[in-house]
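Every chain is named by a letter (A, B and C) in the order it is written, and numbering of its residues begins at 1.
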Amino acid sequence: MNAIIVSAVFGVLMMFASFLVNNKNVYRYLAIIGLSVLLLANILETYAIWSIKFDSFLQLSFERFGLFFNSIAIAATLFYVLLSGKDIVRVGNYSAEYFVLIFFILCGVSLITSYNSLLMLFLGIEIISIPLYILTGSDKKNLKSNEAALKYFLMGAFSTGLMLMGIALSYGAVGNFGLEGRGVVAFGGSMRVSFLEVAGLLLLFISMSFKASAAPFHFWTPDVYEGAPSVFTSFMATIVKATVFIGMIKLLEARTGIFGPTWQIILPLMIVLTLAIGNITAVFQQSVKRMLAYSSIAQAGFMLFALWSANDMGREGILLYSVAYTLATVGIFAVLVKMKDYTFDGFNGLAAKQPLVAASVAVFVLSLAGIPLTAGFFAKYFMLASAIKSGAGVWLLVVAVVFAAVSVYYYFRLIQAMYFKEGEAEMFEQPTNSFKGMLAIFAVLLIVLGIAPSLLFNYLYF
Amino acid sequence: MSITEILFWFLSALALVGALMVVLSRNPVHSVLWLVATFFAISGHYILMNAQFLAIVNIIVYAGAIMVLFLFVIMLMNLNSEAEPRKSWMMQLAGVLAGGCFMMVLVSLVRQTAELGGKTALVKEGNIGLIKQLGMKLFSEYTVPFEISSVLFLSAMVGAVVIGKKD
Amino acid sequence: MSQLVFLVPLFPLIGFLITGLGRNYLSKTATGYIASGSILGAFIVSCLLFSQVYGSGSGQVFTLFHFIQTEGFSIPFAFQVDQLSSLFLLIITGIGFLIHVYSTSYMHEEDAHHFARFFAYMNLFVFSMLLLVLGANYVIMFIGWEGVGLCSYLLIGYWFKNGDYNYAAKKAFIMNRIGDLGFLLAVFWMLAKLGTATYGEVFSQVATLSTFDITAITMLLFVGAMGKSAQIPLYTWLPDAMAGPTPVSALIHAATMVTAGIYMIARSNVLYTLAPFSQGFVAMIGLATAIFAATIALRQNDIKKVLAYSTVSQLGYMFLGLGVGAYTGAVFHVMTHAFFKALLFLGAGSVIHALHHEQDIRKMGGLKKQLPITHITFLLGCIAIAGIPPFSGFFSKDEILMATYAHQPWMYFIAMGGALMTAFYMFRLYSLTFLGSYRGHTDAAHPIHESPLSMTFPLMVLAVLSVVGGFIGIPAVFAENAHWLEHFLAPVFQPSNELVQHTHLDHATEYLLMGISTVLVLIMILLAVKLFGKDDVDVKKDDTGIKKWMANKWYIDELYQAVIIQPLHIFSVLLKNLVEKNIIDGAVNGVGRLVHYGARQFRLIQSGQVGNYLLFMILSIVVFILIWFNDATILRALNNIF
């Protein structure tokens, strides 16, 4: 429970800071300290050294898998603030409040990784969503940001409605909010799952797919990601999205087999649709930011494989995927924020002006494309291998690989622009040395994980 | 037919008609008023189920506070039927079809659910909705969710400040 | 035993990073000290390890981390320190250090950053080679294997402004890659059948495999060895590799990298013992290469080319030794060969340095006065390689030859012929270079003088080693139990020796063969000195007949050009014009157009209207629920289709 409480406490502390202190740098440093403490607290709980305990009447359960993901999410946020902190405080006038919201989101993250009842899941999802609506609209003078926030809010509210309906149906069938559900029971001579429970779970699953931007519930993604301030897009496309997948895995694991043969149709359908829409549409984007939005849909398609496989390898794979995808995307966005022109042409000739930055971006892009020797490769490998283990059809893997190949096209356009085209690649400001250093650390981490992915897992089950 | 049954059907009809009218009314103010009516109908249902506290809270919070706020907002923005954007008939038809399909599958879903057959709502009896029971539950079993929802409200408040305050 | 083993490759790696990254900042002196120092550090640690192995008499495996871990198999990043690898460690780091010291003088004319680039490559090479030798499984070995190939490419093409040198570098790389493919396939085969690539596990489980599997694995491994150790038919890169600076030739193409193939087969001796066909094949290829390269060396006029073909030939002897089961002999020969061939290359480098990059021996002669130290050491090296007792080459070559005789007498006689040719061409080289009178044109501005101490010192050390290095392996005919190396390496080759009982020659036969070979070698030496040591030796006349064929290396390069490269070229042009343009491009462009079309349709859906989005979502939910109602029917239909 450390992560939930400490993040909430730091959220409140940041609120106090916002009216006691009037210095943007202080907010940033305070956030960095807070995240470090949060990380430490979570690690202490992971290794059962120290933890705050309240009797939650089995509504929360803390397992190593979830706690480990907490650490990943918190560490990623810490890296994110270290890298883009200056851009966060610059979005609008409420610098401290942005950090408040980020802390609250982390509270929601730790709820989703540890929920044991649907009520907690709902609270977690909402605690994540509401701050995101606000962060999306935080660039108040920008019409696009406002539009994106409103769209996100409307559709998010709709999906919340679906989720509540799902929980209600499930409650009706089971009689409580428990994660386990009732499963197969006797109905007049035949053994089957209650229709109400399945319908409830289906709606719940759909509303979470919406949050994870899996097709065909992805429509909000490109518009919102493009409209939101880039720093916050980076946050919601990575850490938050990965969290939703963890939530889905927990849910489906607890109610395994409930969909029966339906699962064999719906999930492959969603995977193929997500991969197709994400990749194919990304090909024709001119704006790097919009391309990244579609690419995040495409990456979600790969993460869906973990739901399909539902085995230990899939669980490990999703952790690696979250790390690889988060590091790479946060890194690219951090550079993108500094660019004057968000189109591919805006990156022309970046390699000549900023060799280190361009090289790091190249590594990020290679990792997203899943090229060997980067973490992205092993992430994709784990996803596909775990699916094979669970008996996925070969055609599904072929589709995945083909779309991974398509993704190379649009990812490499960025490399092409940076390295092989002449241009000015103007930036708002020259990147500082610490910024470049952080970027390089991101890139090195990706490569290290690409060479020895077991470094990450060695800390999961030892 | 007993008086409770008559009341039940009346309230159900009122809630459904009210909800439909919320969507169908051209004038936003009318929509809000229909929504208030719906809330009252639902509160009536609560009372039928011996949940007086929920009924009162529903009226005070939803029908009272939130709806009044809605009305103020709508009046301040001077919304009326003319301000509403016209949608093409294609879109309207598609919407009706999609919504109709959705309703159909949900209805058929409930009808398929065998365990609901022959069961009736618990009326006039039961003490779950009583304030004492609610309090006991809320401060024992549901303390943690209850406290955590404060984070949710806090973030909504912060959001309201960030979005709403003048720069 | 200590964890020091990780320091061995770490030192050169650090050296590589410092010299490579700091190449624009470091002075030449600093670069030289860092690069040589890192190798010296590795050498000292190697000595410690060696003494520990020697003291305890057993090897050990150290695991650093899990490199690749999957369901089917796990490949640890582990190092194995045992008798064989610790011996190779000593050779690599010891000779590597001497050559580094030598290079600080030899390369002194280069610009500072090119100078540092050279040493960075050299350190990287030593690092890769150490990885190759230390790895406790075939995968780690393969990393080193590829690494040395890469460094070889970089170093051969060190003077990258010369097109021919680049061509030579590419040739070396491609030939090596052909071999590497074989190696890689062998490793895959192993992983597929045994689920492991770790030496200990492979060797203990290999007996469970079918003969076909073992033969296939060993043959594929040998393809790798052919590429790396320059055996027929993949040897042509090695002579061309002389394009690199001379210390590179000494380090890579004589003392270390080319012996990787020998090391690998000696390491896998159990596999080869279980696959008699492969072993026989190794012996045949080794023998053929030994003779073939020796005939070419007879008529070469470039000082380094002679040594290059000599290396190919000597490697052939080592493979012959492996093929007839004389594993100790082969490793012994690797060691002595490393001493005297490094010595000869460095000596040649010293001559080239003194003559300002003149490599043609027809333009040398009578250098013994100007270059006394080089001369003496070079002579000692020649005697050692020719195989005169009690120089080191005698003992090792003799051991291989004796094992060959015990295996197949006819092979012995052919191999003996090669040994005689070795003596002849080495002393032809020696005579033309150092005896007689100087045939080049003298330049008053640049008088010929002896090289500095940093170059002659390694020569002297290596000369001493070449002379006495053989005493660690005195055959049983001279003194019982004096073969120290055999006892030392016995644990490594024990499984093989248990499987096959080698017939031992009786001492009388052995004495007789040794005596005859020594006498014949002496005659060859005298003949060579008589023919080419004269003051007025005629070097201008063109070769005719078979000599011309030898001088032109039996036209093997031309043969490859005509038989392999030309048809491939024609085939590729055909592919490019027909298949590529019409079929592949057509398909690719077709897919591209399809994607384009799809993207336009998808973008239409992405209208920006929230209402539309919600509509699509609702429809999707309806579809999902409908699927759920009819899942059995849909699945049946799908199964019928697929």
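Here is the rule we use: a contact is a pair of C-beta atoms (placed from the backbone, for glycine too) under 8 Å apart; a residue touches a chain by one contact, two chains touch by 3 or more.
Owing to the predicted nature of the structure, the values given are computational and were not obtained by experimental measurement.
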Which of B-C and A-B has more C-beta pairs touching across its chains: A-B
Innermost chain, where centres are averages of C-alpha coordinates: A
Where subunit A and subunit C are represented by their mean Cα positions, the distance between them in whole Å: 49
Length of the line joining the C-alpha centres of subunit B and subunit C, rounded to whole Å: 80
Cα-centroid distance, subunit A relative to subunit B, in whole angstrom: 32
Subunit B, residues touching no fewer than two other chains: 109
Residues of subunit A engaged with two or more neighbouring chains: 199
Shared-contact residues (touching 2 or more other chains) in subunit C: 612, 621, 625
Of all residues in subunit A, those that touch subunit B in their complex: 4, 8, 11-12, 15, 54, 56-57, 59-60, 92-94, 97-98, 100-101, 104, 107-108, 111, 117, 119-120, 123, 126-127, 130-131, 133-134, 137-138, 140-141, 149, 173, 187-188, 194-196, 199
Contact set on subunit C toward subunit B in their complex: 611-612, 615, 618-619, 621-622, 625-626, 629
Of all residues in subunit A, those that touch subunit C in their complex: 151, 154-155, 158, 162, 198-199, 202-203, 206, 210, 216-217, 219-220, 222-223, 259-262, 264-266, 269, 276-277, 280-281, 283-284, 313, 385, 389, 393, 395, 406, 452, 454-455, 458
Residue ranges of subunit C touching subunit A (in the complex, touch as defined): 65-71, 77, 595-596, 598-600, 602-603, 605-606, 608, 610, 612-614, 616-617, 620-621, 624-625, 627-628, 631-632, 634-635, 638, 642
Complex contacts: residues of subunit B adjacent to subunit A: 106, 109-110, 112-116, 140-145, 148-149, 151-152, 154-156, 158-159, 161-163, 165, 167
